[in-house]
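Below you'll find the structures, each written out as structure tokens.
Next come two complexes, and both contain chain A; in the first it sits with chain B, in the second with chain C.
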Partner chain A sequence: MLLTSVVIIIREVLEAALLVSILLSMCRQLSVRQGWFKWGALAGLLGAVGYGQQMGSISSAMGGVGQELSDAGIQLLIYLCLLYSCQKLVFHFNHRQPLNTTLFVAMAVAIALAVIREGSEIYIYLSAFHGNQESRLGLYSGAVIGLGIGFSFCALFYYWLLSFRPRRAVFFGSMLLTLVAGGMILQGCKMLIQADYLPDGQAWDSSSFLPEDGLPGQLLYAMVGYEATPAPAQVAIYVFAIAAMLTTLTLRYRAGLKAASPIEQ
Partner chain B sequence: MSKLMSTLGLATVVALLLLAATSVWAEKPSFNLEIREHLFTPAELRVPANTKIKLWVYNRDSTPEEFESYELNREKVILGGQKALLFIGPLPAGEYPFFGEFNPKSAQGKIISE
Partner chain C sequence: MTSLRRFLIISVLSALMLVNFIAALHGYRSSMLEAENLFDQKLSEMAAQFAAMPLPNVESPPSADDEQMVFQIFSGEGKLLWRSVHAPAQIISEVPGFGEHNFNDYRWRTLSYLNPNSGRRVVVAERVDQRYRLAESVILESVVPVVLVLPVAGILIWLIIGHGLSSLGVLAGILRRKSPDDFGAIRVDGAPVELLPVIQSVNSMLSRLSASFERERRFSADAAHELRTPISAIKMHLHNVRDELPNGSDSLRSLTKDVDRLAHLVEQMLLLHRTTPDHYPAKFEKISLRSLARDAIAERYADCAAKQQTIELAGDAVTVDGDRFALGILLQNLVNNASKYTQQGGRIELRTEVKTSEVWLTVADNGPGISAEAKSRVFERFYRLGGDRHSSGASGCGLGLSIVEHIAELHGAKIVMKSGLQSRGLAVSIVFPASLRSDKALTPNAKAKKALGTSREGEQA
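Showing the complex of A and B:
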């Protein structure tokens, strides 16, 4: 029980924790306020309990694939929020101007949705096995250890990203956000395949040298949505999502540079 | 900028719809799995190769379980006393292990595609 509980909690916490640490460190580097974070986290925690409680009716909706469709919807929304927030931050790096509330809302929504998705599963797991007297100690010690490891990882990552000079940190942070956002699309597509809204198949099999159930595979899964045997449709949409984000970020970086130096060339 | 964003959003939606339209909507063969006392029955499920199937997983326990398989790329939470639907395949012939993430030691099984 203890080990199972640690593994489940870490797997769920890592993804949201990584997102939080990248966004917070980028804000710190750019002297953007971080107050939005607590609202996002709070909304996420409340949402996770609500989503977890409604899981029964969500699952049976849409002919039995409601869980997949709502998951995919959440993941697409996270991608869009990250795309919007990241291009704003990249522009802001070159051309400092007062920021609008939309950016803070987008970042808070991204965090809230990530916490809802991961937190609801933790809620379902903990509330289901809470009733079992014998395993309760293992369940909760496992959960505490899992949360501890997840949050330590988040803190380490946050300070590591702060240790870079701003230009490098913004570049590195943007690349990481692109990978995390792409991972959301990859996992969202997996849900659509499971619901039979996208065709299944196997583009390649990298499970022999990087298995999904090994430690590096698990870490990569939690951080960037790694799949050892992705479907062709998943890969195609993933590549499109990453390319769209990279293009947007590059254009906005240049636009920021141009706006910062109004002298005609 | 917002124009570029909305164009990108629209393109994504169109791409998804096109892909959804190409998947086959014909009735698929249906298979059942049961979870009882944190065990899958049958522990080995034989399905036709290269055919998309509907897999209904009935959770007869009072506790939830997460059906998970790295080989099949599937994961789905099934609450206690509920059933869940997963579409699987078309699978090349072979063995595809799955397990229950909430009880990984006991809840194990495999799909044999032949």
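Showing the complex of A and C:
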């Protein structure tokens, strides 16, 4: 029970905490205030409990695919929030101007949704096994160890990102955010495939050399939504989402450079 | 703002937690494997006992309450000789060695053992979930303390880092408490080696700063002397020229005016420099503001009389702890300004009074007054109302109120600007803190220096 708890909790915590680390480190590097984080995290924690409690009725809604559709909706919203926030931060890097509230709201919403998504899974898992007296100690010890490892990893990751020079940190941070956002789309597509809204299939099978349940597989799943046997539709949408984000970021980076440079008469 | 303490605590605690928890997990897995081996060894011993023991003439053991472990004993011909109550009638595993099988709604760890001497086959099985639970309950006893000790480790790290950084706090405190004119070297007892270069750099900087201030002070004194002497000489020559040219000339009148202005500018610049609170050698003593105001009126009376202005003294006799020279300069500047900018035949009033235990020294006039925008700028150096085109036609160098601000700051006083007499003109009040009132309670001079910096308040009447 302890090991199972650790694996499940680490996997969920890493997904949300990595996103927090990257966004916070980018804000810090760009001297953007970080007060939005606590509101996003608080809303996410409350939302996670509420979402977890209502999971039964959500699952049975819409012909039994309510959970898949709501999860896919959450992932898509996170992607859009990250796309908006990242392009704003990249533009701000070259052209420093007062930032509007929309950016802070977008970042807070991205964090809140990520915490709701992952936190609700932890809540469901813990509440499902809480009744079992014999395994309770293992369950909660595993949960604490999982949380500890997940948060520690992300705290060190945050400080590691802060050790970069701002230009490199912004580049690295936006690339990581692009991968995380792409991972959100990949998982969202998986939900839509499970709900039969997208066609299933197998583009490739990499489980022989990089199984999903191994440590590298788990880490890659948390960071970029790795799947050993993705469907062709998933791959196509993933590639499109990544390309769209990279293009937007490149254009906004150049726009920031142009806005910052003096106009020649 | 980056907090070194927060960074150290979070990163050290994270690293400790990560390493500790991964080690605990590794220990947990190794212990579980070891426990599995022990359980398997127990199964082997049990199978060997069953294979060697003489069989009773019964089909099942008398005690059949053990649901967690079952056995089967078969003859060499495959006939079931004996089994536990909960064991199935069919052979669980014919393959020799360990394996895992499902029966009775559970997963079982099995051992099929063939005795080569008797040809007897023994199958023993143990419930996997029970083995796992038993092993985990034992191993968790060693893992749980690792988790529980974490808050204690956090508190210890907090205290240790706090102690380690205490020298930085001490240094920051010393620097914070240092007065602006104190250039003495700082000393932190028991400072760590890492902090010594910082302390040495700060001390070296303070020493250079002190030398630089001293040079500036000397330069000011020299410049004052060097500038005053030729200006006095020019004035004297001008006086002689005026005598030699009885009718005078416009150029001579302009020259006289400009030289007077130059002399005033030099005096004001020197005063501004001298009264800088950071290095003004203040000598605080009991001073009657009323008598000081009377002196200022006497000093400036000629100017007022020339413009047919009425100047009067009102209010109560108030005594404060202050620097006589500085307060005299302050009053002269205020009266001079009032006289300069008030129209011909105008009225000026000096008032000393106590309001809510604070001492108010006010110079009010019924002149044109100043706009709200100008109120915020009059303390800037060389700022002059309307530049050289003020309606009063008065000339000045724009340093008078800067000097007043310096002197007010020196006394921890605040400056309040309101409308002047008959709701016209301007009233400039210097509000001394209650701690400086020497007629109420004598306070040490140091209090003035400790008082907060000068603040300005402008109010529209």
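Note that in this section the second predicted complex is superposed on the first by the 264 of 265 C-alpha atoms of A that agree within 3 Å, B and C clash if a C-alpha of one lies under 4 Å from a C-alpha of the other, contacts with A are read in each partner's own complex, and residues count from 1 in each chain.
Note that in this section a contact is a pair of C-beta atoms (placed from the backbone, for glycine too) under 8 Å apart; a residue touches a chain by one contact, two chains touch by 3 or more.
Fair warning: this is a prediction, and the values are worked out from it, not measured in the lab.
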Subject >> Partner chain(s) touched by A:E227 [first = chain B, second = chain C, both, neither] >> reply: first
Original post:
Should A:L219 be classified as contacting the first partner (chain B), the second (chain C), both, or neither?
Top reply: neither
Original post:
Which of the two partners, first being chain B and second being chain C, lies in contact with A:Y159: first, second, both, or neither?
Top reply: second
Subject >> Comparison of chain B and chain C by chain A residues contacted >> reply: B
**OP:** Have a look at where A:V6 lands relative to chain B and chain C in the superposition and call it first, second, both or neither.
**Re:** second
Original post:
Now for A:V144: first (chain B), second (chain C), both, or neither, which partner does it touch?
Top reply: second
**OP:** Would you sort A:L83 into first (chain B), second (chain C), both or neither based on which partner it touches?
**Re:** first
Subject >> chain A residues contacted in one complex by chain B, in the other by chain C >> reply: none
Subject >> chain A contact footprint on chain C (complex, rising order) >> reply: 7, 10-11, 13-15, 17-18, 21-22, 24-25, 28-29, 133, 136-137, 140, 143-144, 147, 150
**OP:** Using the touch definition up top, name the residues of chain A that touch chain B in the complex.
**Re:** 4, 8, 55-56, 59-60, 63-65, 67-68, 76, 80, 83-84, 87, 121, 124-125, 128-129, 190, 192-200, 202, 207, 211-213, 227-231, 233, 237, 240-241, 244, 248, 251-252
**OP:** Would you mind writing out the residues of chain A in touch with chain C in their complex?
**Re:** 1-3, 6, 134-135, 137-138, 141, 144-145, 148-149, 151-153, 155-156, 159
**OP:** Sort out for me which residues of chain B touch chain A in the complex.
**Re:** 1, 4-5, 8-9, 12, 15-16, 19-20, 22-23, 52, 63-64, 66, 70-71, 73-80, 82-90, 92, 101-105
